[in-house]
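Okay, so chain A shows up in both of these, paired with chain B first and chain C after.
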Partner chain A sequence: MLPELGQMALILALLLATVQAVLPLVGAWRNQPALMAVARPAAIGHALFVTLAFALLAYAFLTFNFSVAYVANNSNLSLPWYYRFAAVWGAHEGSMLLWVLILSLWTVALAIFSTRLPQVFYARVLGVLGLLSIGFLLFILLTSNPFGRLLPPPPNGADLNPVLQDPGMTFHPPVLYMGYVGFSVAFAFAIAALLGGSLDKPWVRWARPWTNVAWGFLTLGIVAGSWWAYAELGWGGWWFWDPVENASFMPWLAGAALIHAQAITEKRGSLPAWTVLLSIFAFSLSLLGTFLVRSGVLTSVHAFASDPRRGVFILIYLGIVIGGSLLLYALRAPKVAGGKPFAPLSRETLLLVVNLLLTTSAAMVLLGTLFPLIGDAFGWGRISVGPPYFGTLFIALMTPAIMLMPLGPFARWGRADGRLLIRVAVQSAVVALLVGGILLFADSRGTPPWRAVLGGLGAVYVLAGVFAYALKRWREAPRGSRYPAEMLGMLIAHVGVGIFVAGVLLTTAFSIEHDVRLAPGQTETIGNFAFRFEGTTHVTGPNWTAEQGTVDVLENGAPYTVLHPQKRTYDQGQGQTESSIDPGFMRDLYVALGEPLDNGAWALRIYVKPFVRWMWGGGILMMIGGFVAATDRRFRLRRHDQEATSSASPGDRPTPREDSA
Partner chain B sequence: MKRALPLIGFLLLVALFGFGIWWNTQHDPREVPSPLIGKPVPAYSLPFLDNPSQHLTRQEMLGQVYLINVFASWCIACGEEHPVLMQDAQQLGVPLVGYNYKDDPADAKAWLARHGNPYSMVVTDRNGVEAINFGVYGAPETFLVDAKGIIRYKRIGPLTPKVIAHVLEPKIRELKREEP
Partner chain C sequence: MNPKRKRRLIITLLAVAAAAVAVTLTVFALQQNMNYLYSPTEIDAGKAPAHRTFRLGGVVKEHSVVRDGNSLMVHFVVTDRFHDMPVVYRGILPDLFREGQSVIVTGHMQGTEFVGTQVLAKHDETYMPKEVADAIRKAKEAERAQAAKQAHPLPQGR
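Then we have the complex of A and B:
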């Protein structure tokens, strides 16, 4: 009975989404306030019913309702309650429901926090979000119903995919979707602006905090996914350039570009068309990611169910949403002129260059991801390009971006002082070389690998530049307005990039990985650490049994810690490696069990991974930066925005802070 | 026109994705093209399960079309595949060489005794060294070798009645016709 109510709730949500889409858009077109006023209640009702459906599915999981096929396929009696709850989004149908839930929650947040938007604009934004929801609800109801019955119900269910039974994985999908779906807000703003026919309105300023928050969530989601792969897949890798990972990375890159483009357009009114296009791109790449993961067009290690019907449906949806918005862009964008002129050397130019580097990276990732498909289409066979392609490309494209990073804040809008920029670059470079020289002198291990040199220098260069700018603001700006939230967020995020660069390149260069056979009592030594394998014992968990190894770690002969890697077998027969990690600020010790060999010996993977945590730490700083910037008071809607739209031209608004920058 | 470029690019992508979906309906994604297809079988010399002092070599099998089926007693999917081998593979009319992969000979014998032996002969690769030359991912896998000792087809994963009827059987008929 309750699952049928869930299905009814989805159908009602679909109807309300249709109301939310059609009436306000028609109202905005015909200028009928009564129709536009429907947007808000419809959006809230739509969200309530989606939430109800989600809650009913969660309830089915928590109460072991195996008569629901999706529940029976993804949980069983011995699965702990928190994983049963996470199992709601553990497979295709439920994760699509989560997608719609998050879309409806973003919509409600917008409906509540943005009531001061001009009514026509508000109606259009909610209408566009309603249109997006219609497509996904139809997709769920027609091809991926999570409430389908399985009669007679089996006495016990299968199991949640064991790789998903990990704390990191339970919150990875919701956070990632918060990011993916969050870009729908910037997208809806851009489409509403195109529909309105004029981009010279402060819509960009209203869209900015939403973009920053979405990007922050996406960053956290990627960090969580990377951490999960590291801890759970058992061989210490943290990024594989897998199609599914690329699917989350492309919108991230486009989102980072969008954040910078929005800054130009909002502050100076320049390049509005480019900002609109990037708003479309960021969300399109999110949708594309969903398509790539869900359609099975590219097979990947994240093998999800693939069903050609679903693939066709999503492709049609993509065609309508992305094709439609690009068509609208092609028709409407040329009417918009370019804003204030700027000199070749100016903050605008620097931001634009970074923008182009980020979008080019996204395009290159897209090309690399689709390469096997292109190969098929042209009959070259399924050729994959792997880490060498992506790695080389990234270092090539990101090096100039890193070089420019400290200069951006120092460059003035309109026309920058070239000598000042050169001085900043030289100072940062000198600091980087000095620190690098001291480290090289302090470390006796000989010439470090080039990646380590690049990583260390790049990180110190960025940090020195950020610090110099923070210092300049401290000295020159009046107390109380030294670090407005927007600038503080930027500084934090840039520090995050520096730390991330150091983490990635240093861990790649300095990781020591020993794959060894150890019999009980044998020792493997890496640097100062000795790992003594004490053999395995049999342990039992709620829904698994495991061989658990004991590895005594000695540092310079003194006991340091004991690690317990596991090789689990879940009750349904799937195996899963649980690595055991001693985390550290400067390095991780990482032990995973490979295969059992004869006489109690095991193949063990014993890794020392210096600085690996810096990478995630950098990512988390970037996220915090995104969130902090979003809280800037300047982004809050003011009462006069409602009237301002008719008269204000961008760039003329008095924004005293930026001129001091 | 410049403003329409993103749209044109996107339409090309849609065409590519449409092709991808179509391609997937025509192909089994598990069908990884083996680089060995069209190449000679690696030279092997493997002891028989029943008589380890005798070896089966590539030369001995020249001149006939045959199948090599990689299996192991520890392999769960092989248990699924086994009834198919017992029924359908017998009717193909070519020798079926069992390739016992990384398995204890005693376990393999017990397994065959319990479930029945569909193979014309069984050879063992105790530590899986020879299997590296065959590019074996895991068990079960099946190779089709022609009379000249060339690998003509490879299947990763269990054979199914459908695969045997639609892929193996026609290919074998064709290869036999080529034989003098």
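Then we have the complex of A and C:
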């Protein structure tokens, strides 16, 4: 009974989404307040029914309702309750439901927090979000119903894919989707602005905090995914330029570009058309990401088996959303130009250059990811694009962006002081070289690899620039307004980039990875650490059994720690490697069991990975930066915003800190 | 040409130049890193490059996995059920690597042996990568065509 109720709830949600989409949009078009007023209650009702459906599916999982096919396929009696809950989004149907749930939650957040938006605009934004939801609800109801019955019900279910039975995996998809779907808000704002026919309203300021928060979530989602790959895939890698990873990275790049473009448009009124276009791109890439992961058109190391019919549906949906919004853009956007003029050397130009670098990177990743499909379509054979393609181009494109990073805050809007910028760049470079020289002198291991040099110099260069700007603000700005939230967020995120650069390049350069054959009692030495394999014992978990290895780690001969990597076999037969990691600020010790060989010997992966945590730390700082910036008081809607909409463009609005830098 | 137009021209030219550099770099990087996938049958027919990295797709032949006694060297045979390709690989095989399961090996030819640098097996055991399925299907078709030819040496004469 209850699962059918879930299905009914989804159908009702679809009806309410249709109401939420159609009536307010018509109302905004015909200027009928009564119709526009429907937006808010419809959005809330829609969210309630989606939540109800989600809760009923979760309940089916928690109560072992194997008469629901999806539950029977993805859980069983011995699966612990927290993984049964996470199993709700462990496979296709449920993860689509999660997508819609998060979309409806974002919509409700918007409906509640943005009631001070002008009514026409508010109605259009909610209407556009309703349209997006219709597509996904139809998709679930027509192709991916999570409530389908399996009669007679089996006595026990299959199991959740063992690679997903990990704490990292339980919260990776929701957080990632928070990011993906969050870009729908920026998208809806942009479309609402286009529908309104004029982009010179302060819509960008209203969109900015939402974009920042969405980007922050996306960053965290990618970090969690990378961490999961590192710990759970059992071979110590953290990024593979795999289609599934690229799918989340493309919207991230577009989102980073969007954040910077929104800053230009909001502060100066320049380039509104570009900002609108990026809003469309960021969300389109999120949809494309969902499509790539869910349709299975690409072979991936994270391959999820899937159904091509669903791919066709998403492809049509993608075509309608992207094609429709670009058409609207083509019809409406060219009418808009403006903003204040800016000199060739100005903060606008620097931000624009960074924008181009980020979007080019996104395009490059897109090309590399889709190239196997293109090659297939043109009959060039079965092609894959190797990771060096992405690595090389990404470093080439991001190096100039890193070089410009410390200069941005120092550059004035409109016209920047070239000599000041050169001085900042030289100062940062000198600091970087000094620190690099000292470290080189202190380290006796000889010439470090070029990657380490590049990473160290790049990181110190960025950090020195950020620090110099923080110092300048401390000296020059009055107390209490030295670091407004928006600026603080920017500084934190830029520090994050510096730490990230250091982490990536240092860990790539200094990681030592030994794949070895060890019999019990044998020792493998890496640097100061000796790893002695003591053999394996048999252990049992809730729904698995495992061979658990014992590895004594000695540092300079003294006992340091003991690691217990596992080779699990889940009850339904699938194997899974559980690495054992000794985490550290400066380095990780990483041990994973490979495969059993003869006479009790095992193949082991024994890795020392210096600075690997810095990479995720940098990502987390970027996320915090995004969240902090979103709390800026300037973004909060005031009553005067509504009155001002008809008169002033955002660039004309005097804001206390407009020329702060 | 007035100064404003001149500046626009310069900006346009710079943008075109930047785009040209980007496109050149991208095409170059793509060419360097494109890996084709071949089945043992295609390699047997001489389609695979002799000195370049490519990917070998197929099924790990039953009872073909032989481990070296005191290193991580392993020999196995990848088959599409029509032709076999011996593979040598040094390292740890993925969790889902199993005889009778599909696999994609990246590497290059050395004599008659394929030297693998990376072995991929799929997370989902019931799932055969589309590429491998295609390769096996193609091999089957080629074999059938061959058989048809042998059965009817002059098909056009009928």
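Basically, the second predicted complex is superposed on the first by the 661 of 661 C-alpha atoms of A that agree within 3 Å, B and C clash if a C-alpha of one lies under 4 Å from a C-alpha of the other, contacts with A are read in each partner's own complex, and residues count from 1 in each chain.
Everything below uses one rule, namely that a contact is a pair of C-beta atoms (placed from the backbone, for glycine too) under 8 Å apart; a residue touches a chain by one contact, two chains touch by 3 or more.
None of these values were measured; they are calculated from a predicted model.
Superposition of the two structures on chain A shows chain C clashing with chain B. When the two structures are aligned on the shared chain, A:Y389 is found in touch with chain C, with no touch to chain B. In the superposition on chain A, contact is made by A:F291 with chain B only, not with chain C. In the superposition on chain A, A:A603 makes contact with chain C only, not with chain B. Contact with neither chain B nor chain C is seen for A:L506 once the two complexes are overlaid on the shared chain.
By the touch criterion defined above, A:R517 reaches chain C but does not reach chain B. Of the two partner chains, chain C is the only one that A:Q574 touches; chain B does not reach it.
A simple residue count on chain A separates chain B from chain C, and the partner touching more is C. Contacts of A:V365 after superposition on the shared chain: neither chain B nor chain C is touched.
Looking at chain A, you'll find residues 296, 299, 381-382 touch chain B in one structure and chain C in the other. Those residues of chain C whose C-beta lies close enough to touch chain A in the complex are 7, 18, 22, 25-26, 29-30, 32-37, 53, 55, 57, 67, 69-72, 91-96, 104, 120, 122-127, 129-131, 134-135.
On chain B, the positions that touch chain A within their shared complex are 3-4, 6-7, 10-11, 13-14, 16-21, 23-25, 29, 33, 76.
Interface of chain A with chain B (complex): residues 273, 277, 280-281, 284, 291, 295-299, 306, 308, 311-312, 315, 318-319, 322-323, 326-327, 329-331, 333-334, 370, 373-374, 376-377, 381-382, 573. Residues 161, 163, 234-235, 296, 299, 301-305, 344, 356, 360, 364, 367-368, 371, 375, 381-389, 392-393, 396, 515-517, 574-577, 594-595, 597-598, 603, 605 of chain A are the ones touching chain C in the complex.
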